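What follows are several structures.
Same chain, two partners: chain A is paired with chain B first, then with chain C.
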Partner chain A sequence: MRKEGPMILTVISSLVVVFSTYFFLGQKWNLMEPLNNWFQISYAIALALGFVNLSVIHVKYIQRKREGWFYSIILLLCMYAYLVLGMIETQNGLHFDWIYVNMMSPLSATMFSLVAFFITSAAYRAFRIRTKEATILLVCALFVMLGRAPIGDAIWGSWSAFVSKWVMGTMNVAGMRGINLGIAVGGFATALRIMLGLERAHIGGSGTQ
Partner chain B sequence: MMWLLAQEQAPVPTLGIFSAGSVIDFAFVLVLGVIIWIMVARARTGRKIPEIKKIAGLEAVDEAIGRATEMGRPVAFIPGILSVDNPQTLAAFGMVSHIARQCARYDTRFLALNCDPLPYAVIEEITRQAYLEEGRPDAFNPDDIRFLSAEQFAFTGAVIGIFERERPAANIMIGAFYAEAMMLAETGSFQGMIQIGGTAMTAQLPFFVAACDYSLIGEEIYAASAYLSKEPVMYGTVVGQDWMKIVVALLIVVGAVLATVSPDSTFLKDILGGY
Partner chain C sequence: MERLMKIDRRLLYLVSVALVAVTIFMPLGLPVKVSPLAVQTYDAIKNLPDDSVVLIAPMYDPGASGELNPMLRAILYQCMERNYKIILGNTNWTLGVAIAHDMITPIAAEFNYVYGTDYIEFGSKPGGAVWMQSAKTDLAGAAIVDYNNDPIGQFPLIQAVPTLTQEYIAAVLVLDCGTPGALEWLQIITQGTSIKLIVGEIQMSVPDSMTYVQSGQYNGMIAGSRGGAEYEQLVGRPGAALKSQDTMSVIALMVALFIVLGNIGYVTRKR
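Moving on, here comes the complex of A and B:
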């Protein structure tokens, strides 16, 4: 029953989703609402589990005086202080919101800004001319970059913008749509495998039937 | 008058039972289901099913674990940053099972780094089960299955830190990734890890191709668990998936021919869009 129970729940839930997506009565009865509520409840429980996991790991780091253990203290202090503040003020609280907007958001933006540097180093590696494919990639990338920068316009006039547009709008879109088509069918097939009980990895099985 | 207006706006079922615009979608699911059922039935009765091509990224999974074992360093796994309601995360679960089993077999440390609490809980259970099935429940360390942060870039920073400190020898990333894909893959590359990246987020695919040793492109991640299981029944589902792509490709050809022969014709559009 340890595996059958979750499997039955999976099948029932997926049938409810299919019924409420494709059938008129399913939409009329709003069958998805209780499922969505249960998803939120499960998420909250799992978040508490994650919270415990994070606490246990960092308490161990502090106890063992592992390298950088001081940062674990900061992490635990911030995490618990923000939790308590959130419980007191709720999510729209003045200080709770201020900390998020003025501390969390700038930190996230700083991390995001690093992407530019990572892209540069990855592009350098990808564009090194070693193979025929890498050469084609480099030439296409050069045309696209020149077509989107004023210098391209200054060198070749509107021709560079045309080539850039053609590479992005014709070659790139054709490839991407082909990939997207496969993704859509693959997603359907995965859902069906789970619904039919052929794939059981998500319930702690060995991955297959 | 108001009552009459309300009556007019009430939704009407298509063909008596379907919600508006979902008949063709449902037919699509039904056809795919039938094709997969036929292939599974053939595999179950031992009849021949078409072969599926070798996927280099999946063949390399065991190689990556082997390398980590030889070096005595961990294998890192990241199941993307979205929750269990995304099919890419479900595809990642199928791989976790295989990787955790191999790690248990070779006594290699398995690090699963999670951004969402639900996949964290599921992956912990899958890993525990994998170690149990391999007869190594004592080797399972729940502290290696980690929830880091539900914030995208806090998670990214934490993973980069773990990569720098614990220096895994292999990094396998399967699931839904956004801007962090480039940062994680590049950090792994700087560390000299053997990396396998797979996602169905088309905007992130080029980053994995550029920074990883092997990449799984789009639908390949959905075939992963079936491919790694080496079970004929699961192979059958992947073959069914390929047959469905042929059906869709035929529809595209028919659409292209109709659009060329008669540009003003709305025949196919009426059929597909009308229901």
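Moving on, here comes the complex of A and C:
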């Protein structure tokens, strides 16, 4: 029953979703509502489970003095201190909110800002005209990059905007639509396999049958 | 010549910082032409019926604020100038609502908007796409409390908008930088309805989103920092995006130049 139980649940849940999405009666009865509530509850439980799991892993790191174990102490201290503060002050507590906004915001912005430097360096090192395809890619990239900034207009006039727009709106869209359609069909096929019990990786099975 | 292939990355970083600093203090003042896409987006919001209710979802975090904050500011000004009622909030992007709260508060005061009647902030709710499905059929039930932790059902604006359906809202404006984002709003809330979906995208997401603009599923898109600058001009409120265009220009030129130099080194080495 360890494998059959989750599979039965998966099939029932997916049938409810299909019925409530594609059939008038399903929409009328609003069958998705309880399923959505269960999802939110499961989400919260999964979060708690992740919390426990993270604690166990990092306590082990500290016990075994693995490389970087000091960072595990910082992680656990921050995690539990913030949890306790959140439980005392609740979601919109003054200090709870202040710490999140004033620490997470600059840290997150800093991380993203660093990407600009890496992209500059990566573009310089990676864009080489090794093959014909790489040359086409390089030329397109230069036109789009300069065409998306006012300097492109200053150098080439309206021709820059035209080329940039054509690359983005014609070449790019054609490629992206192909990729998106492929993803959609692949997703549908995978969903069908899960519903039919052929795909079992999510319940700890060997993956496919 | 081979040396051109091996320019120290620290030099690249240094030149980048220097160029950013120089253009901040000595702007070039390059003109920014407004694109047809920006005009289409502007018109899509401008042509909503009077007294429309719009939902603005800041689905981003501080990492994307450089590109998306100016768009949010311009959109807020445009909506308030048109007297639209605003419901502000998102799902799963907790810092996005904090950024938006700091932005909407002074603008709302400027236009004498009354909280709860003319605009409301429901904060950030966990659940992503699943939360959107719940909000579609019962907004107050899904949101429960507002940004300030007060019961949201008591506010007139929420009482007037019981569900996120075309009977009650005219447009969803999404500032988007990942998942969940504009695509989830499209799939769950706007697809197959008369609700307009307008997105503001970071430059990185523009290629993917362009397909939805062309298919008409997105009724407009503000594309990256350049799009933000164009939009600020259309709204008549020049701001950070317009100021940043000189920096964008010199950095793009610098990267292009280094790429060309690297390739000159590569070609001459082969010979």
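We adopt the following convention: the second predicted complex is superposed on the first by the 202 of 209 C-alpha atoms of A that agree within 3 Å, B and C clash if a C-alpha of one lies under 4 Å from a C-alpha of the other, contacts with A are read in each partner's own complex, and residues count from 1 in each chain.
Note that in this section contacts are C-beta pairs under 8 Å (C-beta built on N, C-alpha and C of every residue); 3 or more make two chains touch, one makes a residue touch a chain.
Small disclaimer: the values here were computed from a predicted structure and weren't measured.
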Is the arrangement of chain B and chain C around the shared chain A a clash or a fit after superposition? fit
Of the two partner chains, chain B (first) and chain C (second), which one does A:Asn30 touch, if any: first, second, both, or neither? second
For A:Tyr80, select first, second, both or neither according to whether it touches chain B, chain C, the two together, or no partner. neither
With both complexes superposed on chain A, which partner does A:Gly182 reach: first (chain B), second (chain C), both or neither? first
Per the contact definition in the header, classify A:Ala123: touching chain B only (first), chain C only (second), both, or neither. both
Touching A:Phe162 in the superposition: chain B (first), chain C (second), both, neither? neither
Give one of first, second, both or neither to describe whether A:Arg148 is in contact with chain B, with chain C, with both, or with none. second
Tell me the contact category for A:Thr21 with respect to chain B and chain C: first, second, both or neither. first
In the superposed arrangement, which partner chain does A:Gln91 touch: chain B (first), chain C (second), both, or neither? second
Give me the angle at the C-alpha centre of chain A between the C-alpha centres of chain B and chain C, rounded to the nearest 10 degrees. 130
In the superposed arrangement, which partner chain does A:Val56 touch: chain B (first), chain C (second), both, or neither? first
The superposition places the nearest Cα atoms of chain B and chain C at a distance, in Å, of 5
After superposition on chain A, the chain A residues reached by both chain B and chain C are 39, 43, 104, 108, 111-112, 121, 123, 125, 176, 180
Touching residues of chain B toward chain A in the complex: what are they? 11, 13-14, 17-19, 22, 25-26, 28-29, 32-33, 36, 40, 83-85, 87, 90-91, 93-94, 96-98, 101, 114, 117-118, 120-122, 125-126, 128-130, 133, 142-143, 145-148, 150-154, 156-157, 165, 179, 182-183, 185-187, 189, 200, 202, 205, 207, 209-211, 217-219, 221-223, 225-226, 228-229, 231, 233-234, 237-238, 240-241, 244-245, 248-249
Report the residues of chain C in contact with chain A in the complex, numbered from low to high. 7, 9, 12-13, 16, 30-33, 35, 61-66, 94-95, 98-99, 126-127, 130-131, 133-134, 137, 148-149, 203, 206-208, 210-211, 214, 224, 226, 245-246, 248-256, 258-259, 262-263, 266-267
In the complex, the residues of chain A that touch chain B are 18, 21-28, 39, 42-43, 46-47, 49-51, 53-54, 56-57, 60, 67-68, 104, 107-108, 111-112, 114-115, 118-119, 121-123, 125-126, 176, 179-183, 185-194, 196, 198-199, 201-209
Could you pull out which chain A residues touch chain C in their complex? 30, 32-33, 36-37, 39-40, 43, 90-92, 97, 100-101, 104-106, 108-109, 111-113, 116-117, 120-121, 123-125, 127-130, 138, 142, 145-146, 148-154, 161, 165, 168-169, 172-173, 176-177, 180
